[in-house]
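Across the two complexes that follow, chain A remains constant while its partner is chain B and subsequently chain C.
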Partner chain A sequence: MQNNTLLKVNNLVKYFPVKAGVFRKTIAQVKAVDDVSFEVKKGETVGLVGESGCGKTTAGMSILRLYEPTAGQIILDGKDTSYYFLSRRKAKKFLKKQYTEKFEKMKQKYSSEDQVIKNLNDEFNKQAAKDYFENPHKFIEKMMDMRIKGRSEFRRKAQMIFQDPYSSLNPRHRVKTIVGEGAKINELVENKDELKAMIEDILKKVGLSVDHMSRFPHEFSGGQRQRIGIARALILKPELIVCDEAVSALDVSIQAQILNLLNSLQKEFNLTFLFIAHDLAVVKHISDRVAVMYLGKIVEYTTKDQLFEKPLHPYTVALMSAIPNPDPENKSHRIILEGDVPSPINPPSGCPFHPRCPIAKDVCSKEVPQFKEIEEGHKVACLFPGKLKR
Partner chain B sequence: MDKKPLLKVQDLKTYFHTDDGLVKAVDGVSFEVYPGETLGIVGESGCGKSVTSLSVMRLLDEKGEIAGGSITFNGEDVLAIPEEKMMKIRGNDMAMIFQEPMTALNPVFTIGYQIIEAILLHQKVSSEEARAMAIDMLRKVGIPEPEKRVDEYPHELSGGMRQRAMIAMSLSCNPKILFADEPTTALDVTIQAQILELMLSLQKEYGMSIVMITHDLGVIAELAERVAVMYAGRIVEYADVVTLFKKPKHPYTWGLMNAIPKIDDEKEILYNIKGVVPDPLSFPEGCRFNTRCPLAKDKCFTDVPPLEEFEKDHFVACFRINELEEMIKSEREGELSAK
Partner chain C sequence: MAQKISDFRKLSKKFLRNGTAILGIALLSFFIVIAIFAPFIAGENGDNPYQIPRVSWSSKPIAPTAEHPFGVIGGRDIFYGVIWGTRTAFQLGLIIASCAAVIGILIGSVSAYFGGWVDEVLMRIVDIFMSIPFLVAAIILTTILGKGLDKVMMALIVFGWMSTARLIRGNILQAREEQYVLAAKALGQKNFIIIVKHIIPNTIFPVVVQMSMRIGSYVITAAGLSFLGIGAEPGYADWGTILSYSRNWMTMLDQSWFAIVFPGTAMVLFVLAWNLVGDALRDIFDPRLRN
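After this line comes the complex of A and B, so read on.
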């Protein structure tokens, strides 16, 4: 793995069972996140956009293990964290499948360990294979030993800021408790005075007054509550922050304040953001790269400039054209999509976008387009990328 | 404009008597809507957009009171119309689309039933004819297979389809004016685009006037011909859409325009309107923007700036219009030094 990759998500899957009947039998699966892979570099902001219900929140929550993923690998800071939150038995099973079985199978195929390493396509797995072949037993043992410690480390390093700044703050706790709790649990401080100093420091950083420490969340405005949420995340000195619609519920003027704040905090602490939002103008403002999701899959992923100037997936093109432009002399030429977003319980065959796609051909309903790099740093999942013009 | 306005609101004051005190939610608002045009009302949460439209439709709850001003619709004094007649007007000549369609649709009846009821209440047609009209309307708003959908319940529809069903219901009586209160805020952009396109084409077809209420400046720029900007219960600026976006004269409007990230305009720092909206229970004396305004001085703290015509058809409520250029310059410099 390149040194500057902070988060790497491989083939993430999250299904929710749909249960019915007296025996609560599972009758179907909501395929909320269905084979999602991407990576985020240290210090960058990756925007995650897409229509309501396409799986953005589920992806964020699964990465942070607030949901248990159905499958997939989540690598943070060069460590496979996928098994940290699994039970001992499940963790062993995961490691066996992800490493032992995979590497042994490859060894049979390629006949030498060196060849296996050479044929692995990412740096993280190359290193893992090297370590594994050195001493297979010890490799697994060591990973199992790291499990519990890894958990608390992960909980500190990866934080979330939620959409609704009210319901995500405990109404019965004072600001100092809400903000200081994490620092106490993670033993970042030695004593009360240190904790107090730390809380004061962080409140100042997010633009809240120290006099606010003893107040309750309901005594604050929406923008201030969002600052409390940010302070709570920030106090743990995290590396990755998932912002789920962190400014969507705020008024325009307050939204500007919070966006400016996130920007300056990012610079100061070299933070990495996964920024989930449906407002494309906001996403464009804050992101370095943007991933577009549709029905549980990433359909396009590239730099912000590429995406906004030269979108290649027809869904992205339509999405861009639909953004109302706050310039009355330069109205957008909307591409109107037919129909509604289909259900993730029963996604369409072939390309999930084909029933609404203005340029779909017969083959689109049969063949699943691969998510692949079409130009340098520009990945798309479409059989006819770049064919839909504005 | 020399046409006669369809709706004329003058110095409207709507107050709420709450347990905590008097909320002057709308305090001296005046505007006109001409036949076939779209007026946009923008402003941040709580500035009185919804209360303004609810007042015009006389749909305030018992705590709310129209404490002053006049509303003239179609030549009639709305405040003097008996409630019974008002009910008829609401279904016939005035219609409203709400932000959350579930509040307007009854979950226990099929959408068809609800549209048919609305038609029967206001028009002299047989129930078969009404059903045919309902299906026709559902088709017009872009609901696929309307013959089937007409018998479905609201929860069986997606959010976008529900919104369209509600639009169908509001439009089934061919209103002269449509109040659209955040009609697309709850929807995705691609679905929003469908709905906006639909409203535009229906407006062309029926020639109705639209009052578009939203906090989304993008939607306003796309749809409105004239725009009123509200702040804390008052209109602070009122102009045609191009003037308002290109040459705003009120410091609040200018701030609002520069606080939003724009798709085709890269800037690292967004303009920051300092502070927060004042508490409606204790609005400041004088100009209500004075707690956040970089230009506020002397008179701003004692007198209410009147909404005056600054240039033809461009109204601004600010004592210090002439100082705005200076403010913009110094704010820009401030931004640069912040970098």
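After this line comes the complex of A and C, so read on.
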């Protein structure tokens, strides 16, 4: 199972400080992503859905370290990459907190090293604990050595396709400069001819032609620009691509084209997608599994079929009821949620969804529901899963 | 490289088809030629060539003659003043505009880069400087500093950098949030290269364009100060100084028109040249305007 998982996110947290006053004191935290855990298998597409402001883009950006996460572990291809982009001092601090202190504490609690390993729930951390107890000093040393080299490896393996095809391409660069930038940075080519051949090849793969190379982004339509963006990410031959609302800025016919292109590229290059979207139709089309986010937390995570057949979290049920039904005979019953999304600065106590939940009970405002597996491969964070019916 | 050359050719072709751009370049080259060859065109006045030679001790204007083609006012040869004044104009415009731009870019980019209270303090300073009317501030400062062209330059630099600072700050703040900057980061580009390749090209060109357009207006302002008698010293080869001689003859334009028309025309054409060049630069720098 370990070998099959490409990306594993453990307890990812990203808070943005709210500063005010002359001295820029931090007066509050926007809890954009609050304790998010999930994993993505090799070659699959995981959809990350939720309404605007629920933290799905922040989660994607934090995974790629375009924002530095506040806490959490991001494991890519069996390697902890969480500390790669931290400064040396902070990386040491992170490793000490994440491994040394945690393992030592557990060792005191369970009194034996084997027990610690047994009680860790995660394959990666089990292996880490094993290595750690063998030689603690060497373990940390080895992790620190990997930091700088790991950075470029991580950048090569994980790429992003952006939401806005207009602002995601530098207006002063030609297509070949834009597409070739990654190859140059990561030294994938040795000379200019190789680079040119590589760019030509990748442009053809995304459905653009060779004579587009010397043009500027403003000479293209939105769909073509998005193809350029895809080519830019693809030239590094990445394994994971985070698509941040990659089609939401395009009109519907172009959306279908781009989604089909992504699908065929996925097969050709064995890509893994983390597809961030708010459009459930798009998610249904492309995903294998879907994570539903609400107010910085994942509330439900399961396969696409299960999610659309049998949603368990009341929020998901409400979302599903909002999908327009093209059959006029078949009137669907819509669940209208009351009120607005609460502020992520000051999220509600207990279950973050309880103020808007149609089936909320008193206990929901007190107890935080655990995100746990209810059925095989179906995780939900709700005290009364499946109680809300469509 | 081949690409760059063909680009240059394409650009210059388009440039040559653009009438106003050619006019701007032609005018500007005309002024440059005059400035360079000033000693051959108007002669050189002894050890201080920037002092207009006195040809008469009468303050009465003398209409253009073969010897003094632009006439004489206040005993000074206007032709000499206009020709050598071209050099002064270039000095004034280029020095003021580049110093103001350097200060503005420095303050604006520091402000945008550090943000927080640094930004807050610097922008309030900009506000304070901007709240004083430009001409009034320049007049007061030149009065305090004393006469002389260098003092005028100083005054105009001190009160001329703010708009550049604001422009570059706004541009950097905008460019920093663009997704292509994030994309470059995701590709693994180093921060320094991101600044050089992505942020600066998208922020600096508007400043260059603005700078070229303001060169002309600084010359006008300096001339205005000279006209008011608080600019260059009397007799200095400067278009504004010649104008200041005509102050007393304003009511008798039939006798003194040449003291206004010749330096005035030079000024108008100088400003026009820089504005047209600025327009052309903007078209060149922005790939979106190239078609």
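We take it that the second predicted complex is superposed on the first by the 388 of 390 C-alpha atoms of A that agree within 3 Å, B and C clash if a C-alpha of one lies under 4 Å from a C-alpha of the other, contacts with A are read in each partner's own complex, and residues count from 1 in each chain.
By definition in this document, a residue touches a chain if its C-beta (ideal position, glycine included) is under 8 Å from a C-beta of that chain, and two chains touch if they have at least 3 such contacts.
Worth saying up front: this structure is predicted, and the values here are computed from it rather than measured.
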Legend entry - Touch count on chain A, higher of chain B and chain C: B
Inset, instruction - Would you check which partner chain A:282 touches, where first means chain B only, second means chain C only, and both and neither mean what they say? - result: first
Inset, instruction - Considering only the touch criterion stated at the top, classify A:151 as touching first (chain B), second (chain C), both, or neither. - result: second
Inset, instruction - Would you mind writing out the residues of chain A in touch with chain B in their complex? - result: 51-52, 221, 223, 251-257, 259-260, 263, 278, 280-282, 284-286, 308, 318-319, 321-332, 334-337, 339-341
Inset, instruction - State the interface residues of chain C toward chain A in the complex, per the touch definition above. - result: 3, 116-117, 120, 178-180, 182-189, 198, 201-202, 287-288, 290
Inset, instruction - Show which residues of chain A lie in contact with chain C when the two form their complex. - result: 19, 22-24, 61, 64, 66, 151-152, 155-156, 158-160, 162-164, 167-172, 181-182, 185-186, 214, 216, 218, 229, 232-233, 236
Inset, instruction - Can you check the complex and tell me which residues of chain B touch chain A? - result: 44-45, 144, 158-161, 188-194, 196-197, 215-222, 224, 241-242, 245-246, 255-257, 259-264, 268-273, 276-277
